[in-house]
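Could you have a look at this structure, given as structure tokens, before my questions?
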Amino acid sequence: MKRIGVGLIGTGYMGKCHALAWNAVKPVFGDVPDVTLVHLGEANEALARERAAEFGFARSSGDWRKVIEDPDVDVVSVTTPNSFHAEMAIAALRAGKHLWCEKPMAPEVADAEAMLEAARQSGKTAVLGYNYIQNPAIRHIGHLLRENAIGQVNHIRVEMDEDFMADPDAPFSYKHQAASGYGALDDFGVHPLSLITVLLGPVASVMCDMAKPQARRKTSEGRERDVETYDIANVLIRLENGASGTLQFNRAAWGRKGRIALQIFGSHGSILFDQERFNEFQLYLTSDRGTEQGFRTILMGPQHEPYGRFIPAPGHGLGFNDLKIIECRELIRRMSGEGEAHVIDFEKGYEIERTVHAMARSFREKCWVDVP
Amino acid sequence: MKRIGVGLIGTGYMGKCHALAWNAVKPVFGDVPDVTLVHLGEANEALARERAAEFGFARSSGDWRKVIEDPDVDVVSVTTPNSFHAEMAIAALRAGKHLWCEKPMAPEVADAEAMLEAARQSGKTAVLGYNYIQNPAIRHIGHLLRENAIGQVNHIRVEMDEDFMADPDAPFSYKHQAASGYGALDDFGVHPLSLITVLLGPVASVMCDMAKPQARRKTSEGRERDVETYDIANVLIRLENGASGTLQFNRAAWGRKGRIALQIFGSHGSILFDQERFNEFQLYLTSDRGTEQGFRTILMGPQHEPYGRFIPAPGHGLGFNDLKIIECRELIRRMSGEGEAHVIDFEKGYEIERTVHAMARSFREKCWVDVP
Amino acid sequence: MKRIGVGLIGTGYMGKCHALAWNAVKPVFGDVPDVTLVHLGEANEALARERAAEFGFARSSGDWRKVIEDPDVDVVSVTTPNSFHAEMAIAALRAGKHLWCEKPMAPEVADAEAMLEAARQSGKTAVLGYNYIQNPAIRHIGHLLRENAIGQVNHIRVEMDEDFMADPDAPFSYKHQAASGYGALDDFGVHPLSLITVLLGPVASVMCDMAKPQARRKTSEGRERDVETYDIANVLIRLENGASGTLQFNRAAWGRKGRIALQIFGSHGSILFDQERFNEFQLYLTSDRGTEQGFRTILMGPQHEPYGRFIPAPGHGLGFNDLKIIECRELIRRMSGEGEAHVIDFEKGYEIERTVHAMARSFREKCWVDVP
Amino acid sequence: MKRIGVGLIGTGYMGKCHALAWNAVKPVFGDVPDVTLVHLGEANEALARERAAEFGFARSSGDWRKVIEDPDVDVVSVTTPNSFHAEMAIAALRAGKHLWCEKPMAPEVADAEAMLEAARQSGKTAVLGYNYIQNPAIRHIGHLLRENAIGQVNHIRVEMDEDFMADPDAPFSYKHQAASGYGALDDFGVHPLSLITVLLGPVASVMCDMAKPQARRKTSEGRERDVETYDIANVLIRLENGASGTLQFNRAAWGRKGRIALQIFGSHGSILFDQERFNEFQLYLTSDRGTEQGFRTILMGPQHEPYGRFIPAPGHGLGFNDLKIIECRELIRRMSGEGEAHVIDFEKGYEIERTVHAMARSFREKCWVDVP
């Protein structure tokens, strides 16, 4: 692959994030093919033209199918709302394009399954935008686990909390309707699951509880309406590797802004991580002398791949958007067949989504459910 | 009450802790009756004599019944292993003594119930040693919750973790036998429940999972034996006040030494606390200006009762043993009828223990259980 | 200004950082002119060509003068080693180009003065790369100070520490020679001074000590050589506004990777900041109720300009390279005459460098020195 | 020594703290002689009687000389205001009593010198109340330094900050008069110096600056008066062992309650400590693998002497008053000739006070001063 022609559909925050990544991946990494921003698609031509100018795309269309049909486009970034993913992704794969699709795959399992099927048949790269796994800290944690640094992992806890749904006076919105999904369970759940998938493998069985911090809300017209989604979800889990654990999601947790807190306990040590301070993690090793055992706070630096491609000095800090640049590099690695890429592809992504739906069933049935 | 005659049974760590509290309560608080250390009971006379000399008790006996029968004794500290609590506590109450008994009440619910009945019939003060609730930080958190500082509490998480059972090479011991109890569930569970009880009220229903990080251990003779207790327990809970929550206990969590981490989420703020840094807590208030909202780390000082009785300057730090001195002060308040005492008495203690047993049943039956 | 033609000289880390910023400033901010990467200069043509391909520049030259003479270039990024700044900057300004020059201006005061003179005569924008001041946290701290949130500032402390010179076994290098400068004093000192300048104004007088953690080092040939520079510098300071303070620099501080720790004390509160966790800062306000006063940890979010241009959700974190993108935006603001730009221009930069040299004099003379 | 008869003069906070220590030292440590609380002296008989009842002393007097003359008293705790120390200490030593005197020795060097002389002539134990050095964390840091764990120490920083003088509206008080001393320099300075003395040895030379955050204050009658003392002091120092360093004291630092922050940098690691979280410290070791180097947060436990005498479980936390109990144990060790005691005696105490006065001279003369 000498040159990559890029198409982008959707220019909300994730679209901008993809655009930034496509602009930066070559200056940051150097060792990638030339990247050409070919074609941007938006809901109408005016908006498409404006964003193309901002993001540096050569062409623009008010119809996303034009992007997919563009012969100069090799890979399509799909960053539209989740309900559009299936149609666009399947069309792009059928048109012979590689695919970089934002997570989750689709609100309905059937759609996710169809997407997976399309990817399998196309033989093209189909990667999901699970950027948290790209963090050098997470990648280094994975490395430590694989080399058995903390022994056999026997227990994990993952919390994901934000507070954008916490205000009891905020009006009833789309996110409070059942049509938007279960609530925190699917809104947040896929992220921790992406981390667990790459660090520890699949979830085997689940027992889920969900709760509504606020049962009713005023609509913008002043009527009271029942809230249909659950801003809180707590899940007891068992992993296939035998470890027990818990997952906790709360999108109404005042003070939490982007918390994804991991606790991983092993037979010879422990690992802690918090996404709100994602340039560091904590490690406890029983191999340290007894009088000096303690959690080490390890700041990321060039010795933690691929931090050094961004900054040669340690402790200076990557940003959230940088994780997307790393994801883009890994996507290119997969597209180019350069060796093992560190990505969540449609196979793994489908597994994550089935796990979420198993949790929802467990809540409805008030019992443990095996992930199918 | 002009003078308090004290009897002490048991001189392990908690016995020493009671002795320190009885020695210090008058110098620290001043406004209490004179305290006389009358009679110490231990398993044999030699040990009793030695400890009496160390702890400052006037008399000693190798038979605990002598302590209970001593007419100069007004209140008996029972700090023996849990399985002895019922017999000693009931005997002391029947002998007309006030009682300060270490938690939990008893391994069997029936015994705990008998203890409660004895306390009711005696009309005497019967208080349990739940010292974590005495922390000025916890008491101030309670104060904030009662004045509605963070609005309606809708979610809580409590984790209690230590690592004394984490070493996979440690030999099979009594704590690994079913006779010692469930494992982390009862070993740890009563502490978080004591905090929840005083801060938020009773637990309504529970769904519990338990796990063994280590399935088999070598005995000291080198045989392999199945571990019968669970070092890990995770519980989904609902409180009577409607809040949802989770409890997590792990006594095999490398790196955790005395962690009891609370997260309390309300409609207008949040509170965080960790027992490993128990002279501080964190508070997030939505009433702060939007651009400066953040968790405040509040160090305890004389403005947080009763810190000032120990140290006149803020931020200098109480110790774990100081909490027992406060507990002793509250016990005296209850004994003297001085007004509302901040204690876990046998009524509340029995509620806590029923909750633990409900959790165990929920685990066995793999379903939600209402606390009876 | 409809379109900005960019020239870049130097492609070490700071050159890459400028290139990333020039690539991203339009996608991130939108409301800026089109940016065209016109001409890249490096030490030889091959390297220039390679980097131009990576960074997205249209033309390349092995002679930096070609970049300056290119009529399509409006602004030149100078990112070469410090000793080259003066010649290149003065040439660029004389050629009628705007200038974005990495800090510090020059090793010698006389050169810095000549650069300032050239900037004044040219009437062009001449901005220095003090990116730490661009952090939304630092900008918000400045906002709080201007609105008097912590009252009258009476004391400050700034520490800047890294550990890249800490290894006693590392060989003697250029940085150990007097020709490289004083040591930590000028290597680090300009950064804290840039923060003090924008937050609190000029330094009035200084009293400096410097120290060598390691007096001698082995050369790569195995000879021992005296270390001529000082890896540690400590400075007592007085600001023009009357506040007292200290500056501490240590480039041999094991464990510190990118620490720039600020402590700002005022009559009604305090502010803390640490560059190693630069997406947050801490604020203590005496206007909080006495029982709940504490340092708030405030995570950056869209309410802290210009965080929201990068990420719409709070607490997700900017990276070190993002600060350069903000700096680029401010440079464009100054170039375009769009209103007050938040930059360190040559006027302020010259003041910073005179302050550093006053410190060095104070050390030599072992007495307080007024900043000229 | 089979039995220790204790006299106590003064019952302010430090008097109470001594009383608590004398009450607890035997129950906590066990392996000490019996302690008898013999005689308490206060300013008048009524107060003396009241405090004796609270603190458990058998006799009381309104005249401190009675305490010193009491033949049953072996050791006298002197906890009166600093200006009384010299007279009482010298009288007690001449009466053949051991002495436990609160720090500092005396406001005037001449008095401190006379105290030292009296101690030398008496041959009795004369120990100062520098309790911070008794912290198991500090003692373990000392152990690590002695075993060269972080290599050669080349730099230290110590900050001591509180905020009890920070309120600009607080009225002019005794502490603002020159008669009370220099200000933060002597009020705080002796504590960090006690730590430096036991950890790293004597200070060789000093260069001090002092500042007044508030130049004038209203008296309680409403007049404005010049503040004569300095709430802020900053000192550049050189240790006899060759290390450079800084000391910073601020008793007007809003938000700081009991901060004594140490940073110790060595050739192979670093150590951090903060008294506000004094049950832990941080350690960075270059012997850790490069990809996992980081500051370890080490919680105190039974493996850190003498924590285990208080609590058998790690991470449960000692309190500020517990440090006085340890100090009492060390005093007894010295009195009993049991081996090397970990104390600041009058020899070392005098050295500390000369160092403070050298700092004051350095400030007056605006130059470096060698500690005599």
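First chain written, first letter: the chains are A, B, C and D, and each begins at residue 1.
Operating definition for what follows: contacts are C-beta pairs under 8 Å (C-beta built on N, C-alpha and C of every residue); 3 or more make two chains touch, one makes a residue touch a chain.
Protein names from UniProt, one per chain: A, B, C, D = Myo-inositol 2-dehydrogenase.
Every value quoted in this text rests on a predicted model; they were computed, and no experiment measured them.
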Set of chains whose contacts include both subunit C (Myo-inositol 2-dehydrogenase) and subunit A (Myo-inositol 2-dehydrogenase): B, D
Far-end chain from subunit D (Myo-inositol 2-dehydrogenase), centres as C-alpha averages: A
Inter-centroid spacing, subunit D (Myo-inositol 2-dehydrogenase) versus subunit C (Myo-inositol 2-dehydrogenase) (mean Cα positions, whole Å): 42
Computed distance of Cα centres, subunit D (Myo-inositol 2-dehydrogenase) from subunit A (Myo-inositol 2-dehydrogenase), in Å: 54
Whole-Å separation of chain centres (CA-atom averages), subunit B (Myo-inositol 2-dehydrogenase) against subunit D (Myo-inositol 2-dehydrogenase): 34
Multi-chain contact residues (two or more partners), subunit B (Myo-inositol 2-dehydrogenase): 256, 293-295, 299
Residue numbers on subunit B (Myo-inositol 2-dehydrogenase) that touch subunit D (Myo-inositol 2-dehydrogenase), as the complex places them: 13, 16, 19-20, 23-24, 26-28, 30, 34, 53-56, 162, 164, 256-259, 276-279, 299, 301, 310-322
Interfacial residue positions of subunit C (Myo-inositol 2-dehydrogenase) with respect to subunit B (Myo-inositol 2-dehydrogenase) in the complex: 140, 144, 149, 280, 282-283, 285, 288, 290-299, 303-304
Partner subunit A (Myo-inositol 2-dehydrogenase), residues of subunit B (Myo-inositol 2-dehydrogenase) touching it in the complex: 150-152, 154-155, 157, 159, 166-168, 207, 209, 211, 213-214, 232, 234, 236, 244-246, 248, 250, 252-256, 263, 265-270, 284, 286, 293-295, 366-368
